[in-house]
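Each remark here refers to the structure printed beneath this line.
Chain lettering (A, B, C and D) follows the sequence in which the chains are written, and residue indices restart at 1 in each chain.
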Amino acid sequence: MKVKIKTQGNQITRVEGHGSLVLRFSGGKPSVVRWDITESPRFFEFMLKGRPWHDAHVLASRICGICSVSHQFASLAATEEAFGIHVSEQSILLRKLLYAGEIIESHMLHVYMLAIPDFFDAGSVFPLMETAKDVVMTGLRLKKLGNDIKELIGGRAIHPQTPMVGGFGRLPGKQTLLSLKNLLNEAIPDLLTTVELFRGLSISQFRRDTEYISLTHPDEYALIRGLLYSTETGSAKLDEYADIAIEYIVPHSTAKFARHVRESYAVGALSRININRKKLNPMAVQTADELGIGTICSNPFVNTMAQIVETVHEVEEAQDIVKKLLENGIAEEKLTVEPRAGRGIGAVEAPRGLLIHDYIYDSNGRIVSANCVIPTNQNHANIQYDLEELVRINSDKNEDDLRKLCEMLIRSYDPCISCSTH
Amino acid sequence: MEFLKISKAQFQLSVGRMIDENFVYGVKAKSPSYEFDRLFTADELCLNYNITLLSPNKYFLPPRTPLMGFKLDGKISVDSMVGAQPGIIIGIHPYDLHALKLLDAVFLGNLKDAYYQARRQVIAIIGIDCLQPWQYSFAASMGTAFPPAGFDLWLTDTGDKYLIEVGSEKGEELCRKYLDASEAGEIEVKQREKLREESLSRYKLSLDISPQLIPEVLNSGWNSSMWEELGEKCFSCGSCTMVCPTCVCFDVRDTTELNRLSGERYRIWDSCMFDAFATIASGENFRPTGTDRLRHRLYRKGKYMLQRWGRLGCVGCGRCIHACLVDIASPVYAYNRLAREARTG
Amino acid sequence: MINKSNSESLYFPRPTKLIDVTALSEREILFRLRLEDGNALYHIPGQFVEVSILGTGEAPISIASSPTQGDAFELAIRAVGNVTQALHRLQPGDTIGIRGPFGNGFPVSELKDRDLLFIAGGIGFFPLRSMIQYVLDMRPLFGKIILLYGCRQPAEQLFHQELKEWRERDDVLIMDTVDRCPPETEWEGNVGVITTLFPGINILPARTTALVAGPPVMYRYVVAECLKKGIAKERIILSLERRMKCGIGLCGHCQIDNAYVCLDGPVFNYAKLEQLKEVEL
Amino acid sequence: MKPKVAVFDFTCCEGCELQILNCEEELADLLSALDFVEFREAMTEKADYYDIAFIDGACSRKSEMARLKDIRKRARMVIPIGACACMGGVNCLKNYYPMDEVLRSEYGEKAEYYETIPARHVSAVIPVDFFIPGCPIVKKDFIRVVQEILAGRIPYQYNDPVCAECKVAGNVCVFEKGMTCLGPITRGGCEATCITGGAVCWGCRGFIDKPNIIAEKLILEQAGLSVEEISKRFNLFNACKDRI
């Protein structure tokens, strides 16, 4: 008999993509809780096959509208590794700067537009435009900062055009950097307001021990490069990813699930802070302290706070980079790409966690096979186990409250489902 | 006529002083070409250029010009949007100044277009001789290799110095205010003649006939097979017209704010090469094919503009030749070929 | 603000009040308007204005009434796009913008004492109406007058009342036709394209000037018939429609060869048009 | 009365919806002009009737066809937004292969759990009233269309190639830099943002009504592309044959 995946339960709103929370009760007690992914599969790995190297990142970008830069960078890194291309220091700086835009925008979108209505008991951010206008405007300004960085450095906010294999198709001029510098400086008061606001919000004191995985790098808070790291098994090389992100298919989901040594693991802002807390910039460390994020934090609800910490970190990071670029000046670079047969693995920390693109190229520079490991897929199993635990300890709650709590849990992972059903 | 000279180093300092006090636009490198853009420092200015992507007419007839603002309150009352930011443009080549003279004839002829006029009045022009012409330019044979009257200052690169011809009172004032220039003598002026003369031989493309004969050649060439042959390839992309310094056609459009309280009417560059340019509301298109449109454009450049405004619509800059990806936009090719066809019957 | 002597007013519409709105059919409406400054439009029959709806756009519209009819003037408008549809939503008392009059208009003084053959196809009747009214108001100045009016079907024939009044006069001959007549429709006139009316008319070619307006396809056939009747090329006068934006000879849309329809037209005689290569008649 | 607006997502990356949320500066004005009644990505509420339904994403499952038809019944105006909804977009790259093969490639022997159909654009399933192309849609373009609808106008659809705007933007043509471009046949309205951004035009807004495909093939051939490369160049966003 064929088991077709159908839309069941309630589709979760205010997340990216289509997923449903199936929560059934029997005899007044919750009996089934299930995290179903109902997004239409899109088959990007299949579509990437045969594409020439210069459109790989263009196509890969379309896996996700929220984290398009992450997909581009993972794709570019894979291609660059396959072809043995060395990327200049300047390009790395610019990529980090663009990435700051992505992290800031994506985190602020989640914090201020998707998550915040839960705290204000609203269905969406739209009514808050009237009832809590200051809060929303603060969020919009910070979100816009992210988009402004993406537009100025990347060309546009979604699917930016400047990143290319080997570097950048367009470099920012001095005027651009100067205006960016101002924008970043102007954002500091809004960041402080945000920290203040969230320090005052109460979140669920739930915890469940799990494994955390992210990239790690000796010199920096790893976002666009580094080695793999697990809180259970320590560090690993990129090409060992398949042994770490063990993907499997579950019948109620169009997206794959994943596990490593435990039954599930988590990736994302909280994982990164759990693993790389020492590498955070000073103001970000202070923010983490203020928001009560300790050394290892196993409350998934805290992920939203962790995103705020990272936003602060990235604003500081962007300020540093702009300063450096202004001091050094921007040099024109010539991009030369000589395709060759080979395999490349690119890994980045997307806003929602570890993202890997693994390509095999033929000698004409065409993709023979592609594999993409998506952050949200790695979280699906963890979400499922968290949900089970959450329902177990809250089984005395009524259905509405329990559903709301479960939805908040799911949302705090900031799942990106269209990505995960790539 | 007054002539001055100034060392290049001095000139750069002068430009720096101009930038401190004015909106200054000049030629900047945009590899592998050049463009007119706002200058922030004097070292951005690049005067030994061959061509700019767009001509400086974008400062006088901007791609988008607001015409009027209005409230959507059912009344017909509009706010004028005439006005211009005073400024100085440095580096206009002779052919582009010729083109500006044509724009003057169009917009300051019988009817005075206030929007154009306002800009024309407050923007000073500092031109420079084009001694190393671009490979696509055929200005020499169009008679547009040297500047017409109408500039404020005119530079000629004489090696380590610029020779400056003062063309107007505004130019004199610019000299007084910003340029530490000294009087130039007959020798320098003679040298300019010589440099100009020599530059003529550096043009790679040329019109085989006198430009005055273009209308005649066109008169006999309407049915040439050339139009079809070229027109078939046309993308109707309008690139040739967007880069042309003498193209003046526009569309007028309205926008309204989201709040539906106010709006704006503006004009925006249009192109006779676009498919729908001559389409009326009933759907009838009076120039339905690429062939029709290509022919119209080259007639307009070579004949109609001359008839109506007294100047040829092509100044030989060569921008359209270069801009056209299918190599069909060249006026010099078309006119030469028609002339040849006319000779051989 | 409006009507500055300054040249920017070239683009500024003059406030104009709708004093009467009459539906002519489902698609066409007749507007009666008066400039709010109280002036007359001072137009020549055959000229047009640019009608402005702020926030929507402008459309060139022929003045459908004769200057002999007083300070108010009329526009007859078919709803086809944004501006014309917006006009159709207006009520008497509303204000619109008008620029113009523009264009050359009919060569009224040349037409004095001549026999006039008006040939209107569809809404080509609108630009001709101003001249017909003028001629009827100044009847003694002109010779014999014939109006041929063709539409696609009876429902599209407009201005019944006016036509009826004119028909009742004995100093003007009106002949109408429809391309086809759907069954069970009342129709007493001819059935067939407009050229099928020609055999029925009797003119003195040397005394006659033809004035033609209609859809683009009509011109070729009508001109051929006029020539066949022996009317001189200079005496076949056509009013043309082209795309138009500025109305003042700048935007380039209405150009036919070197002629700007907004300045040199919209009225052309056939001898002139024949020289324009882009006109295939 | 403010028009009731809904935003629906189908098979896509949801970037176009995000572009709406990215109108940070205009959001307050948008909200005072429009009444968003359904927008899953941003809000929990749902509604039964919409004046305007914006649709993001292609249709790639039978259930999505049914959902589209249901939306059509309840919406006065249906406006697809983005390449996926307007032309099928990148989703149609899979249409060259049998669906079984596509499913097996992703889910292996578990393929039978899943279903997919060749991807198609919205207007292949239901009639639409207008469309806003682009991958992603251009913010300015979206706001302009909303403005025009609010003002009671039929929105203007760009139909001139990207090249014209590319010239106005003052770009060096990428052919001069040894790259290739679909600008000459692609619907403008994006202000040539990709070329300004140092990339090339990939054709994400679909082709103009009368693209000169033969001439485009010619210039790509002259730039050294093989027949296969040319077809790959054409199909990234435009693999769907009966595009809008």
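Rule of thumb we're sticking to: contacts are C-beta pairs under 8 Å (C-beta built on N, C-alpha and C of every residue); 3 or more make two chains touch, one makes a residue touch a chain.
For clarity, every value in this text was computed on a predicted model and none was experimentally measured.
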Which chain lies at the heart of the structure, taking centres as C-alpha averages? D
By count of C-beta pairs in contact, what is the leading chain pair? A-D
With centres defined by CA atoms only, which chain is the most remote from chain D? C
Rounded Å distance, chain C centre to chain D centre (Cα mean): 44
Cα centroid separation between chain B and chain C, in whole Å? 39
Geometric centre distance via CA averages, chain C-chain A, whole Å: 65
Could you tell me the distance, in whole angstrom, between the mean C-alpha positions of chain A and chain B? 49
Please list all residues of chain D that touch 2 or more other chains. 151
If a residue has to touch 2 or more other chains to count, which residues of chain A qualify? none
Two or more other chains are touched by the chain C residues 55-56, 81
Please output the residues of chain C touching chain D within their complex, sorted ascending. 55-56, 81-82, 86, 89
Per the touch rule, the chain D residues reaching chain C in their complex are 151-154
Where on chain D does chain A make contact in their complex? 9-19, 21-22, 24-25, 27-28, 31, 36, 39-45, 60-61, 63-64, 89-91, 93-94, 97, 102-103, 105-108, 110, 112-116, 135-136, 193-194, 196-199, 202, 229, 232, 236
Within the complex, which stretch of chain B touches chain C? 67-68, 70, 72, 74-80, 82, 106-107, 111-115, 117, 222, 248-254, 256, 263, 265, 267, 270, 272, 277-282, 284, 286-287, 292, 296, 299-300, 303-304, 307-308
Mind pulling up the chain A residues that touch chain D in the complex? 2-7, 11, 13-18, 40-43, 45-47, 50-52, 55, 58-59, 62-66, 68, 109, 113-114, 117, 123-126, 129, 140-141, 143-144, 147, 154-162, 164, 168-170, 249, 251, 254, 418-419
